[in-house]
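Naming follows writing order (A, B, C and D), and every chain is counted from residue 1.
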Amino acid sequence: MAKLRGRGIAAVNYPTGMNLGGDPSQALIHATTTGNFVVTLSSVDLGQGLRTIMTQITAEVLGIAPEAVMIDTADTDTGPHCMGTFASRTTHRVGNAIIMAATEARKVLLDVAGEELEVAPEDLETDGTGRIVVKGVPGKSISVQDAALAAHFKHGRTISGRGIYLKPRSYPDFETGAMDPDSCQAHACTIAEVEVDTETGDVRVLKLISAYEIGRAINPMMVEQQIVGGSWMGMSHALYETTEPYYPNRAHGPVDFLGYLMPGPADIPEYDAVILERPSTNGPFGAKGIGEMTANSPIPAIANAIFDACGARIDDLPITPEKVLRALDAAALAAQP
Amino acid sequence: MARILEDVFTAERAGSFQAIGRALPRIDAHSHVTGATRYYADRIFPNLLHAVMARSEHHHALIRHVDLSAAQAVKGVARILTHKDVPNNWYTILKLIGLGPDEEPVLAEDRVLYRGEPIVAILADTEAAAREAAAKVKVEYEELPAVLDVETAILPGTPAIKPHGSNVFVYEGRDHFHVHCGDTEAAFREADHIFEHSYQSSPIEHAPVETTGAIAVPEPGGRYTLHSNTQAAFFTLDNAALILGLPFRQLRVVGGTVGGGFGGKVDVIVEPIAVLGAMLTGRPVKYSFSRGEEMQVSSPRAAERIRIKDGVAADGRIIARDVRILVDAGAYSRHSPYGTIKAAAHMPGPYTVPNVTINAWCVYTNRTPSSAMRGFGVTIGDFALEVQMDRIARELGRDPFELRLQNAYRDGDLKAHRKTVEGAALVEVIQAAAERIGHPLSPECRAMSSCQRT
Amino acid sequence: MKSSYVSFTLNGEEKELLIEPGRRLVDVLREQCGATGTKNGCGQGSCGACTVHIDGVAMLSCLLPAELVDGSEIVTIEGVVRNRVLHVLQEAFLAQAATQCGFCTAGMIMAAKALLDCDPSPSRQAVIEALSGNVCRCTGYEPIIAAVLAAAATLAKRPAAAAAA
Amino acid sequence: MAFAVHRPESMEAVIAALDGTASVAVSGGTLAIRAINEGKSFPLAIVSLRRAGLAGIAQDDGMIEIGAATPIAELVRPDLAFLDGVIASFGAPAVRNMATLGGNLFAPQPYGDFGVALLALDASLAIAGPSGKRRLPLSKFYETGLASNEIVTGIRFAPPAPGTWRWLKATRRALNSAAVIAVAAIIETDRSGTISAVRIALGGVDSHPVRSPVAEAGLLGQVLDSASATKAGEAAATFHPCFTDTYASAWYRRRVLPVFMRRALLGTPLETMP
């Protein structure tokens, strides 16, 4: 009897977007007089960081500094429609809507700047910090602020844009199941290292090593947040969580954070991850959704690592100490002559 | 910070960006660390009423009588809402896109189908008074047998707990959702090995630190502002208006800053009651789940039972995969009929299998309705698929990385639901993970690519 | 049952408030003092989001009838910023990207500050123990632990700041 | 419903203010206020013990007397160092700052770790009520409870001799987690290694913390080793009913009780195999 270590692997894919009811989102963008840009949405930030991601996408398309972008969400009186934050769709859908809106706004911005600088708008480029410069002509430029002021007070132009992204609804063929249920697929492979106490069935996850392919990491720091937080949740689902500990018996359901078991700060493994990018053809800058999937691959990886460690094959989540111990007992009984 | 592997898909990644790819600090972080971020409940309204539900104590019962007298006598109780107060007492979340049927009452009428089903809503000056009154609602039940197991639920002869006469969601006349390609039975006969195993999960709660809630505030002109932590502002507006028989223009949803969602705040459960309370009292009304309610009566990720039968050739190719999925929807549909299709669409996983049969049932039982949660329809499927892959690798004495690489889908392959694979990268993440831990792969496996089958 | 006056110091400011009997401190802080940074996550003492300091001791404001803190010094997340300067813990939470949805953050910082106030150079294990009553559903805890350790490292380099903190 | 908050400044005033279920004593509030918050208890008034002079730790005649309203966090001190393990496994810091030693005796299983520890210490309680003061062994308290309007005012026990104290709490997660099994023991051995005196208390095995007479009887006169400790655990697993809750089934608790009994009494860590 001892603590045994094992390693398990799992590889998964995850769909971006829900596409069985049509899946649109919209964005409106306008410049303020002083060349800041307000992006009006009705999308919801659950903590995944929508405002930051949308700021970066807006700044990239407009060619301005992220500091000049304000995300105004969510108010149904002012924000255009968004289906909502779910199905790993927000970066993809709202990001695409913003690209469309920002592209339109950028065109007006460059038109106005071209008139101010007396050059064709095609000859202009943005420097990403707040200036619009004439290509190949050092020193000939106008600030975004001055262009915005001119648009408002001189040219009578609205530097604004409207954007929508709609993945049309897919109607499944109920005979064959043929359908188009998603926009793209992200990928992950996780390796779990665990230690099993064979006397008690307790499992400790020592390390989770992952590789994620997510199309484009718009903000690698926030990708990391999803990976670490999602790995933790996956471990939690694998070993601890249930609202019905004796499912399908309804007894003993937890009602607080003591009984609804999740790993605490003392139970966390070491995390290690690398990111791969294979840009999707339809995501903003190729981005795919990563929000949901980071909790998925750790679960089977941990289950497989437990088997590797001690030979207990648990097919029933969560993998409680009791289930591990019952499996070890059954194996011991079977091994008896 | 996690490193981006720049030598994989290098050509496809090409591009020069200024804002994309930057580890820009979160723009909400400063307000998070100072406590300045305003969540829905941080908007304070004088004269606020608190809504608390009196809930079913039984898994399945007829309601014979509801006695509100003791509850009404509690000091501070302003109003008690029953199903008779709800203009359209149906919660049918996908109604606007034509998905039904109407089956879940907002407040229970003559029966309850799960323990914790809301029956009446107490509106009181304080949360404590509302809780006390809710505890004093006396409901006379006639208990009915409960169906709690999905296998039992679909057996012929098991009493139907649903008015439509069966315990499964009906997909255009079919009792389950079906996907197939190729000829699974023929391939099983050709297979050198058959693997058949069953997998099970139990319900999982979102457990955001901020529970689901909303405050409805009457505004001049007969409008109502809903301060909500919904994950979907217009979903909430539209469904609340449908239930309340309100012109859509009379509702405004304000939110967007949420203390964790994970899918638990997609269902429109608290908002209609809050607005109804505001309509009937003229006062702001807050309805937020207690932690206990969040744990036991807010919809979890469904428990799933998945059986996978694989036919595998001697060289490790999976040539047939038959998957049977039972999704435990609980008492009402919510997003489970969709989640069941999503589960079916995900099979046979990120592998190319020429012969696939998938049968997925959305099964009703007398438990808390399940609904959206992070990865629902996929997370448990991945558990089943990847434990199954581990079993196959071990039985055949194959390296678990290499078995997956061999079967991994590639660009141009056809999925079971007949969509062509593009943008595949399973091969590359497996190669990268193997390298990360120094796990040796054969030269053939190292040379593999998602872009073409070699 | 009548309301009564309760006096305490909130983030250095004297307060005298008329309190309904038995009202929880978390509600008084949020609804009568505008200190909404303190969150109500469970009402059970099981999540830690309502953690505040009462006379320098971390306590759960959802389990405290306000009458019981009469005469106390209370510090909430709003009082952690001094003279518009972030506390080292707050700076470290930013630098380590230790927030996602942010709902647990105030409680985490108050729990961590209680630790650093009495042990400015804690071990990782001590940090873990200090945070063990605070639930975070987003981050997986690692960035939060890292932030507290980073704050301690900063304090070690800045003895003057430690005294002021 | 709102409730009045009384803050009497003496034990006598506390007793005078109590009135059955209408006016209840509250010490740290981690149980009582939670129950009110959750709509499970509706007292008209609470009587806080905070200012009633019931907190503090004293030593006399080699005995330790701890006021019932002493917060758990204040038990961290050199003369009570043997309790450090119990404290570390109990709740989380903010809860330890609020919850009190006396209050913990009223925590339902699988909570109430200090009840388990104090049973092994053979503690007795000081109790005050309308009809005066009395002392009650803790083991009796769990059988009889208190009379109406009585409160626990203090807990008294002899500190264990050096090297005799054992504590192990098996939990599902490492910190801030309820007991699957809790084992507290005082075990004295003579020069030959034979157990000369033993008291063992358990949590997670019955409706309240209990002494384990079968485990004690099995160990007395034996040499303390892996076999005897495991055997005592097996006897306890047969004797105590154990129960099923959110954390573990009765089967699991019985199954691992011998393991945790052995680990508690011997304190041996397991080897990790590669």
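Rule of thumb we're sticking to: a contact is a pair of C-beta atoms (placed from the backbone, for glycine too) under 8 Å apart; a residue touches a chain by one contact, two chains touch by 3 or more.
Computed from a predicted structure; not experimentally measured.
Across the structure, the highest number of inter-chain C-beta contacts is found for A-B. Chain B has its Cα centroid 17 Å from the Cα centroid of chain A.
Note: centroid distance chain B to chain C, computed from Cα atoms, is 33 Å. Centre-to-centre separation of chain A and chain C, using mean CA positions: 30 Å. Each of the following residues of chain D touches two or more other chains: 2, 36-38, 175-176. Residues of chain A found to touch two or more other chains are 46-47, 49, 221-222, 224, 233, 245, 253-254, 256-260, 262, 264-266.
Multi-chain contact residues of chain B (touching two or more other chains) are listed as 25-26, 28, 126, 128, 207, 258-260, 262, 290-292.
In terms of inter-chain touching, the protein chains here all touch one another pairwise. For chain B in complex with chain D, the touching residues are 52, 74-76, 126, 128-129, 131-132, 134-135, 290, 292. Against chain B, in their complex, chain D makes its touches with residues 1-2, 36-40, 42.
Of all residues in chain D, those touching chain A in their complex are 170, 172-178, 244-249, 251-252, 255-256, 259-260, 270-274. Here chain B touches chain A in the complex through residues 1-5, 8-9, 12-13, 15, 17-28, 59, 94, 97, 99, 115, 148-150, 171-174, 177-181, 197-205, 207, 230-235, 237, 251-263, 265-266, 291-292, 295-296, 300, 303, 328, 338, 341-342, 344-346, 349-350, 358, 365, 367-368, 372, 374-375, 378-380, 382-387, 389-391, 394, 400-401, 404, 408-409, 416-419, 421-426, 428-430, 432-433, 436-437, 439, 450, going by the rule given at the top. On the side of chain A, the complex with chain C involves touching residues 46-49, 221-222, 224-225, 228-233, 256-258, 262, 264-266, 268, 271.
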